[in-house]
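Both complexes shown next keep chain A, but they swap its partner, so chain B is in the first and chain C is in the second.
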Partner chain A sequence: MKKNILLWGITLLILLTGILGSWYVLRIERPRKIAEIYQNDQLIERIDLSQVTESYTITIDGDAGEQNVIRVEPDAIAMQSASCPDRLCVHQGKISDGILPIICLPNHIRIAIVSEEEASYDVQVY
Partner chain B sequence: MMSRSIKRLVILALFATIALTIFVIEAQIPIPVPIPGVKLGLANVITLVVLVQFRLRDAAAVLLIRILLGSIFGGQMISLVYSLCGGFLCLMGMTLLCRLLKNKYLWFISVMGAVFHNIGQIIAAMAIMQTVQVVVYLPFLLVTGCICGLFTGFVAEQMIRHLPECIKKQ
Partner chain C sequence: MRNIWRCIICLDAVLALTGCQAQSETDFSGITTANADESYEDTRELMGTVVMVRAYGQHAEDGVNAAFQRAEELEQIFSTTIDNTELNQVNKAAKAGEAVTLSDDCFQVVKAAMDFGRLTNGALDCTMGDLIDLWGIGTDHAAVPSQENIDALLRENGWQDVTLDETTQTVTFEDPAVTLHLGAIAKGYISDAMKETLEETGVTSAIMSLGGNVMTLGSKPDNSRWTVAVTDPFSPDELIATLKVSGQAVVTSGNYERYFEEDGVRYHHILDPSTGFPSDSDVVSTTIISDCGMNCDALSTATIILGAEKGMALINRMDGTEAVFIKTDGTILTSDHMAAYDLQEIGT
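Our next item is the complex of A and B:
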């Protein structure tokens, strides 16, 4: 009988360790994603994408009347519209990692995502 | 003497078939959590029953056959490495505990077996992916392992209780 209680105790201990560990992992496991928006190579905006809960847009006006609208979403960022002729940046869609930045060459806009924790991309490629 | 060893062969083959069937059917059950490695582990019931009723090497043989054929039928060869690593660590742990607890408290042996299985899987994943980061999955696997292990342990207890006399220990 005593053994029974001991064994239940060990089981509950493992379960508790697992629950606490899961809770801990869930809490720390989101690396913060920071989007940096550059205009003419000058940082004009820094947005923590992990903190974004609702989508919104930012409009950036250039010196010669160019206009870029950037849509900020939870964990992602995209160029919604641009006044440039080719709109390559708009067609790129939204990005959520730092592999390829969004660049609007005619209007000198660059959006890059930097994570605080440098994740290894090799792990994610199978 | 001859007929006895034939009988054991047949019984072990039967157990291997049951374990394989459970393994293949279980692979078709969708798991509602998006964590790799989480499963019910129902096939472990058979491993545990064979381990208690027969010898370690019989259980190891049944386990090996189940994992090899299960991976062939299941289609994913990469899961063979995980299953082998987890399965045999699980078997070692359960053998040790069976000796220690004199084949009683099967539910506890099963829980520990599930935990050992998860640890083995994580070790295999660390070796394959060359990263320690997969350790973050361990807490989740501990929780599901405890719950599923408890369940399979009770199933194994019931199964041994209802096993026909002719299959029991020779």
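Our next item is the complex of A and C:
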């Protein structure tokens, strides 16, 4: 009898911990990350990466036939392909913080992240 | 009883997963406007790169706009990609044998370029514009040139083929093969000029990034030093160290910045004037700290070419200039007084 009470007690305790833990996690606000996409220094798109649940792509066409395909992922963004000669923007891979933007200089495309998360540094030298 | 335990474990897992995917519904508009009355930031494309300036205090907006105006003036002098800049006109006329009068800004930078040529024993040679064009790194015609074409453009101590007359402020080329290309130094000069303009407009706290060349004015609004993160040259989307500055410039050059690949070989943009090929020294990244952005810019390029031993010896001879080198084997070298900047390796 005592053993059963003990087991039920432990069971209820674990259940309660799970419910309270989940309730706490649900209430915590995740830091927002807004990706800002610029073309020729003009803001053309703002995406809240913290709200993205499935990856998708955005295609940006330039006046002279240039093209950039941007891949938007949960909490990250990357240049998937670009018509520029060196494709350094593609090689850079995905970014998930606001310190180092993705820049496609030949096609005048810039992707920067504005984040609520406090970075441990002010600027990156590269 | 065993089934109850399984249910509890599954329930906990489900609840935890649900919690992890929770979406916040709070308004995000506060982020970009926070402290907007105390700071101002702008980012523009200039000199073939992206320039960001963030200033603090009541003069922030005026200061940032004035700094960009000054930078745009200087772009019209130093750019090689814009037609009819002063530099392009100087190259055209001087290659034809004329003595060309330079503006104050252009004269200062060309003179500094020649001084750095002497100081680095030719490792920094701002006269090899034709060789840079031949490689075309960063353009749509980047390709490995033939050895014959490279040899045709190599000039021993090429920086000595430029003569400057300080009284008339004129430049003459002693060899028509000279083409001035100030890409290794002009951005640093522009950062110094932008900083000066910010100061003239009353700004006392600002930070700038000119395509990764960092310049700081004063300290942060809370009087603490700026923390500058250094890129890991082996994995450029990661950081390798941080350092703290207040009023100094920090410039990194690395073989990972601009490059192209041909037949599986990577060719980066820092050309060694003695070989005509991308530098193949034992240093992959150099970070220079000093009060002068132009010095940092020039020395970061020159020390990559010089290599660890000669490069660090040069830095240690210069007052007020410190450096962090990352060697090909991953070793980090620091100059004699680098401790003043509180270098912290990330992950140690």
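One rule holds for everything that comes next: the second predicted complex is superposed on the first by the 88 of 126 C-alpha atoms of A that agree within 3 Å, B and C clash if a C-alpha of one lies under 4 Å from a C-alpha of the other, contacts with A are read in each partner's own complex, and residues count from 1 in each chain.
The definition used in the following text is that a residue touches a chain if its C-beta (ideal position, glycine included) is under 8 Å from a C-beta of that chain, and two chains touch if they have at least 3 such contacts.
Computed from a prediction, not measured in an experiment: that's the story for all the values here.
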Contact breadth on chain A, by residue count: chain C or chain B: C
First (chain B), second (chain C), both or neither touched by A:43: neither
Touched partner set for A:14, first chain B, second chain C, both or neither: both
Chain B versus chain C as contact partner of A:32, first or second or both or neither: second
Contacts of A:101 with chain B and chain C, given as first, second, both or neither: second
Partner chain(s) touched by A:22 [first = chain B, second = chain C, both, neither]: both
Contacts of A:3 with chain B and chain C, given as first, second, both or neither: first
Contact residues of chain A, present in both the chain B and the chain C interface: 7, 11, 14-15, 18-19, 21-22, 24-25, 29, 120, 123
In the complex with chain A, residue positions of chain B that touch it: 101, 105, 108, 111, 115, 129, 131, 133, 136, 138-143, 145-147, 150
Residue numbers on chain A that touch chain C, as the complex places them: 7, 11, 14-15, 18-19, 21-26, 28-30, 32, 34, 38, 41, 48, 50-51, 53, 85-86, 88, 92-93, 95, 99-101, 103, 105, 108, 110, 112, 114, 116, 120-126
Contact footprint of chain B on chain A as seen in their complex: 3-4, 7, 10-11, 14-15, 17-22, 24-25, 29, 120, 123
Contact set on chain C toward chain A in their complex: 1, 4-5, 8, 11-12, 15-16, 18-24, 26, 28, 31-32, 43-45, 48-50, 137-142, 207, 209, 212-214, 220, 226-231, 236-237, 239, 242, 250-252, 254, 257-260, 287
